[in-house]
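Scroll down for the structure; my scribbles are underneath it.
Chain lettering (A, B, C, D, E and F) follows the sequence in which the chains are written, and residue indices restart at 1 in each chain.
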Amino acid sequence: MVDCTPPTDAVDAAVRRALTEDLTPLGDITSALLDPQLVTVARFVARDPGVLAGSACARRTFELVDGDVTMQWHRDDGDVLAPGDVIAEVRGSLRSILTAERTALNFMSHLSGVATLTRRFADAAAAGGPTRIWDTRKTIPGLRALEKAAVRAGGGVNHRGNLSDWVMVKDNHLLGAPITDLVTRARAAWPGRTVHVECDTITQVGEAVDAGADALLLDNMDPSMVAQCVALVADRCGDGRRPLVEASGGITLDNVASYAAAGVDCISVGAITNAAGVLDIGLDIAAPAP
Amino acid sequence: MVDCTPPTDAVDAAVRRALTEDLTPLGDITSALLDPQLVTVARFVARDPGVLAGSACARRTFELVDGDVTMQWHRDDGDVLAPGDVIAEVRGSLRSILTAERTALNFMSHLSGVATLTRRFADAAAAGGPTRIWDTRKTIPGLRALEKAAVRAGGGVNHRGNLSDWVMVKDNHLLGAPITDLVTRARAAWPGRTVHVECDTITQVGEAVDAGADALLLDNMDPSMVAQCVALVADRCGDGRRPLVEASGGITLDNVASYAAAGVDCISVGAITNAAGVLDIGLDIAAPAP
Amino acid sequence: MVDCTPPTDAVDAAVRRALTEDLTPLGDITSALLDPQLVTVARFVARDPGVLAGSACARRTFELVDGDVTMQWHRDDGDVLAPGDVIAEVRGSLRSILTAERTALNFMSHLSGVATLTRRFADAAAAGGPTRIWDTRKTIPGLRALEKAAVRAGGGVNHRGNLSDWVMVKDNHLLGAPITDLVTRARAAWPGRTVHVECDTITQVGEAVDAGADALLLDNMDPSMVAQCVALVADRCGDGRRPLVEASGGITLDNVASYAAAGVDCISVGAITNAAGVLDIGLDIAAPAP
Amino acid sequence: MVDCTPPTDAVDAAVRRALTEDLTPLGDITSALLDPQLVTVARFVARDPGVLAGSACARRTFELVDGDVTMQWHRDDGDVLAPGDVIAEVRGSLRSILTAERTALNFMSHLSGVATLTRRFADAAAAGGPTRIWDTRKTIPGLRALEKAAVRAGGGVNHRGNLSDWVMVKDNHLLGAPITDLVTRARAAWPGRTVHVECDTITQVGEAVDAGADALLLDNMDPSMVAQCVALVADRCGDGRRPLVEASGGITLDNVASYAAAGVDCISVGAITNAAGVLDIGLDIAAPAP
Amino acid sequence: MVDCTPPTDAVDAAVRRALTEDLTPLGDITSALLDPQLVTVARFVARDPGVLAGSACARRTFELVDGDVTMQWHRDDGDVLAPGDVIAEVRGSLRSILTAERTALNFMSHLSGVATLTRRFADAAAAGGPTRIWDTRKTIPGLRALEKAAVRAGGGVNHRGNLSDWVMVKDNHLLGAPITDLVTRARAAWPGRTVHVECDTITQVGEAVDAGADALLLDNMDPSMVAQCVALVADRCGDGRRPLVEASGGITLDNVASYAAAGVDCISVGAITNAAGVLDIGLDIAAPAP
Amino acid sequence: MVDCTPPTDAVDAAVRRALTEDLTPLGDITSALLDPQLVTVARFVARDPGVLAGSACARRTFELVDGDVTMQWHRDDGDVLAPGDVIAEVRGSLRSILTAERTALNFMSHLSGVATLTRRFADAAAAGGPTRIWDTRKTIPGLRALEKAAVRAGGGVNHRGNLSDWVMVKDNHLLGAPITDLVTRARAAWPGRTVHVECDTITQVGEAVDAGADALLLDNMDPSMVAQCVALVADRCGDGRRPLVEASGGITLDNVASYAAAGVDCISVGAITNAAGVLDIGLDIAAPAP
């Protein structure tokens, strides 16, 4: 399976920002009312079925709130969760646990939501044929690295990471120059880098294949037209290496299998990052001992 | 209407972060292939009905990408959008517009998604009676200030901003001390500050009212039990000022009216910030002139 | 007693900034002249009587300068200090201790100064009657969270943390709309949140009470007029809950008891944060061993 | 006169931090209640006599809060203020002016407090003889650059800026090596850089002069002993260049002239930065027009 | 030509850091001695032949130091400079110009050094055949984006931007798994992304071609062995698309043409970023007028 | 020897920036293909002779990438390295070691390059006479503190750290006022601080000595003219303390000894920081065990 660990610098920075926005300026004024000697055990528990992601953020949250709190993890990012599964156990000051609770949950429930919806799309697509679920750049601003890791936790794969990563000629770039020109310029300007072309028509598919694109984005086509494009690509490329074919636009859990069946390599879904909702995870806290 | 402008420091910081994650390290390598002299006009257009939010982030995105791009705004945060409505018009370099496009859209579509779902809850609740939709601390880490502003744009109101804002005694705090003690301690420790108590039973409602809480969170009760609690509160308080009553837990678009009808002041919904999805907004770009 | 721990994120950020401003760009060029093998013991000692605050900042300073230095604390924030009291003992490299010394002292002496003056106001007020000393937003820019924690260490209580915290209608807001309107708008816009009204006259006091304010700021009144206002409030509210009454403006150690005697709940004093001076704390360093 | 402009990067960073701590997460919830169309004129007015500092911070505060607010300045940093003097005039949205008010005032009143106390020390010293008032590293953490600029505004001069600036051998460094050794090492390690030696006895003064120190800090001596040291220095140095002589420790407005009369070049006073209090400056706001 | 503009966020952040390190804490204490009314004209002039880069950093430096200084640019990044060429003209306060001078020059001379050495390698390689000069990840920490833009200004092209960009299997990865396995895993894990394989032997070249690598890094081979590898690749790939072939290791201005003649597509040179030295650029300042 | 440890805050900040630029947004996508269980030993080895610097940055890089990796250091900053010398040994996950490798090497090879060239200049100068090699402000933006520490590691000494450090009157300042005036103003404005004057002619040398400058920069003079200036200084100063004399401009490894022989105290060389190239250091990684 693809590694789904997010970069440590991204985790640290995101958690620090989240704590600052939750604690400025007075800190947790409610937990401050509790006896600081009270210690307890708390368990992160899945309430709904899903896939875990975001554990590194939860871990970092507790480290930054109170270095004396200890955590024991029973599940890793990418693990399937059933309702009632204990994800991790936390021991330490009741005050600190309550202060960290919401931040840790906000990360884990959002990122597990991303992983869970990704897994649902991946499973639905598998019914149609072997294809992969790709994410997009439609991520929540500031959380790109974490959401892309969550997509991997859900069994999806990552499309380009950002604008700097690979060349992607979209319809609006074609307002500036034709496909062939842009592919040629891209090869010259950025050798070795993936050149990906959005095609809205079968004519453009032919043009992009001839221009030597590495990948084709078939945007907003129905499955039968997608199948025609896939066939055209196979036909033009023969025994040689053929570009990766991606379907995109209007993909839902209901129709994803039919796109997979049309033979594409990847299906990209903006919703897995920008409309995934949350996985319901709770923190069950035992009565503390003084 | 409530002002729905987000703090400028929060806008600036969030947009800088988003641009950095999208442009590190090489910048927009695709737009770099276009002739820098091409200038064009582009229009942000609503594709679905909804409520606008996030315009300040979109504006700041273009300012930071290219100070020479100009924008003209036809809609403000909080405005209702019909499909096809032109939100804003952008003029300038095609390159710059394409570089800024996704960041601007990620902010506007996410935040308008928050505003739109808030409005839907507010409208649904209104069918049951006069009540307000409250957000929660279940926000996307790093975007608290922007999402809370989007909730206001959608006609909702903001619950406490963070842990530092007002005292909120929840079930887990009661593991450490009883309601009456915690309210008393809160009054002593944080005079002048709202003291809010979560109640899971009608007995706790009575206890919290007697303790002098400013607000009660009725958590995970059905509408009829909520109505009983509302009646109890009215009864105990008589002519005096009574605490604000909030319902929370399991609230959906389908049942929100019945909670409103039960007489609560506010209904808090985590989903409006953490599960709102996006409002579909597009950027239509005209063919450029050299 | 109120918990007086500052948020860890605020401590970490403030200490990093302070070290950077003291060490850019060459580091501590004097300590660099000493033999790096010299190790010693040093003691933070109170030179004057007062109340301790800022210990978390001192601790973080040493951690960041040299993780091998160890500290043992004999006093906590909020403890009363007599001249000669040993606050903490530090063991480690003489170089590192000298590098960290001034930064640690700048935090502790400033924040203990805040705590100490707060305690003096609290003690002086107690002679007049039961009242609390409230801080204000008149804090040193960048140190709000730390100073507000120091106020709590001194036995004071925290007024609103910032502009986002609760509604406070001051004289200048009344240029825009009358009291009753603003209170009504505040209730609608920010349900559940404290609404505080500044009153410069007894007429305004009546108006604010009738409007349902949660708290009244009696600004720049003499104690006898304050007492009249307190009586008016009691009279209007009868058995019901009455707004918190705050006196402010021109409060000194000499007159604070007379304001307390006038029956107010809280007395706010800007001077405890912006004019507290420092508590004299020194670092006594023993002759090092190689 | 010495230039008293603070570095622009320090102003910008400090103001951004101050606004974030005052506006996180909901912004100014009180001003949000006002009609956004109301515009007004406001005047920063000195309430007490003093010396202005911090104007760059006030200017930057308004720029960041609302770029449409305009300011006209009638006084500059370093100007003497009489009660009633109009420092600056601000025109723009009432909302924005109220949001920025406290942050702008916190900077200006604190920094003008520093400038004002510095001027008082400088004036008091002048009665004793020609000497200069020096600041120290006893500054508020995070505000070093701004406070040092305020000292210059008050007619003081800046001692070393930080630990990286010049070599300063203090009593605790002498625990590690004798004066002569440390001066020798300093000359070798940091050629061209000021070497300053703290002397607690007249014997040490002789030793430091012989070692070739550039400056001597006479710490905690009474004026007559200071005078003896000054004479010793003059005697040893003859026609040659003699080290700068500084007095420090226990200097007050009452005794500063006697130290000046003792013939020192500079008198350093920690209180001008860490115990200056504030200069009372107010913002008078005119009734707005819609 | 390839666009050589660096991302604006990278420019802004790097310039702010540079100014802070040069101005902390007292600012420019020498320029502060000059009359603030003096205004002048200054010209950035090339002293040696080369290629310009870094102009955006110089522009941003002046904007941040003093917004009233104006600049007129006569040369753009990527332009060839002859000794004596005027790059830009600056008008404004003498003080501000002197404060900004070194920071602006440090950026421009370093980045123009990178562009100039890149151009020299590109020109030298062109004598051997059509090939491109590629940079590496051997960049100065913190300046990756700016140096990569300078490489483009010099006529070079950018290899992967960072570790997140494309897959690059190097000798040390082969300690963990064989080439074929790693290429297969890479295709599965990161579809659509360039897979680049370092080959130290001709056997590995065959293996990598068979595994379907997109690019081959021939490391530390002499030109004749490189030519054999190029022939092998051509032979194996026939009419189909063949992987890009890169030579690397021990490339100098003297031997780069022989590598180009061996038929590689790209030659990567760490020295163009980490050993480029500086282009000598000066700032000629005219006598100021008051 | 001069201490050559860089300030910890500068190390931490620079390493965090470097990791973020190398890992945004997806992390190390190649190492992610390896089995996470593989652990290994790796050795940093010098390939060329030189002087070590930057070890603190390498250490911090591994700490931030993976806290479980352990390091054992065999050489310290300032140590002379022979080809083949093992600098440090790293044990831990192969993945983590590969992720950290380039960042650690970029710091160490650049900073050791600075130390090595400094040492070469120092050694070459020593052949001419006792003099010191001084660095300049011609440093790579953002790395000033680290490069200045590397200069010390190479046996050089640090000139002023930045514009805030000491007064340095250069030719362009003389456009605004004559030497004598500027020295006088500097003494008044910044007592105790080094005043350094650039002299392009022997007349200016005399003027600067008479004005009482602490140091003289003889810019772009040939060694015989430098010797005349040194003699003039000695003559004017007699038995008294004489200013430090620095030579600068056009100094190379070939001519540095002749400048040393001319009797200057210090010779400043911009090239040691801005044109030092890198010291070749490699990381040899052993085959991992699962």
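Note that contacts are C-beta pairs under 8 Å (C-beta built on N, C-alpha and C of every residue); 3 or more make two chains touch, one makes a residue touch a chain.
If you're wondering where the values come from, they're calculated on a predicted model, not measured in any experiment.
Engineer: So which of A-E, C-D or D-E is the twin of B-E, meaning more than half of its contact pairs are the same residue numbers?
Structural biologist: D-E
Engineer: Between chain A and chain C, what distance separates the C-alpha centroids? Give it in angstrom.
Structural biologist: Averaging C-alpha atoms per chain gives centres 44 Å apart.
Engineer: Indicate the whole-number Å distance between the mean C-alpha point of chain B and the mean C-alpha point of chain F.
Structural biologist: Going by mean C-alpha positions, chain B sits 51 Å from chain F.
Engineer: Out of chain F, which residues touch more than one other chain, so two or more?
Structural biologist: 2-3, 7, 20-21, 23-28, 32-33, 144-145, 158, 161-162, 164-166, 189-190, 193
Engineer: Is the chain-to-chain touch network here best called a line, a ring, a star, complete, or other?
Structural biologist: Graph shape here is complete: every pair of chains touches.
Engineer: What residues on chain D touch chain A, complex-wise?
Structural biologist: 20-21, 24-25
Engineer: Within the complex, which stretch of chain C touches chain B?
Structural biologist: 2-3, 7, 132, 134, 157-161, 164-166, 188-194, 196, 212, 214-215, 239-241, 244, 246, 265-266
Engineer: What residues on chain C touch chain A, complex-wise?
Structural biologist: Against chain A, the touching part of chain C is residues 2-3, 5-10, 13, 144-145, 148-149, 158, 161-162.
Engineer: State the interface residues of chain A toward chain B in the complex, per the touch definition above.
Structural biologist: Residues in contact with chain B: 14-15, 17-18, 21-35, 38, 40, 57, 94, 98-99, 101-103, 105-107, 109-110, 113, 137-145, 162-170, 172-173, 175-177, 182, 185-186, 189-190, 193, 270-271, 274-275, 277-278, 283, 285-288.
Engineer: Going by the contact rule at the top, pick out the chain B residues touching chain E in the complex.
Structural biologist: Residues of chain B touching chain E: 16, 19-20, 23-28, 32-33, 36, 64-66.
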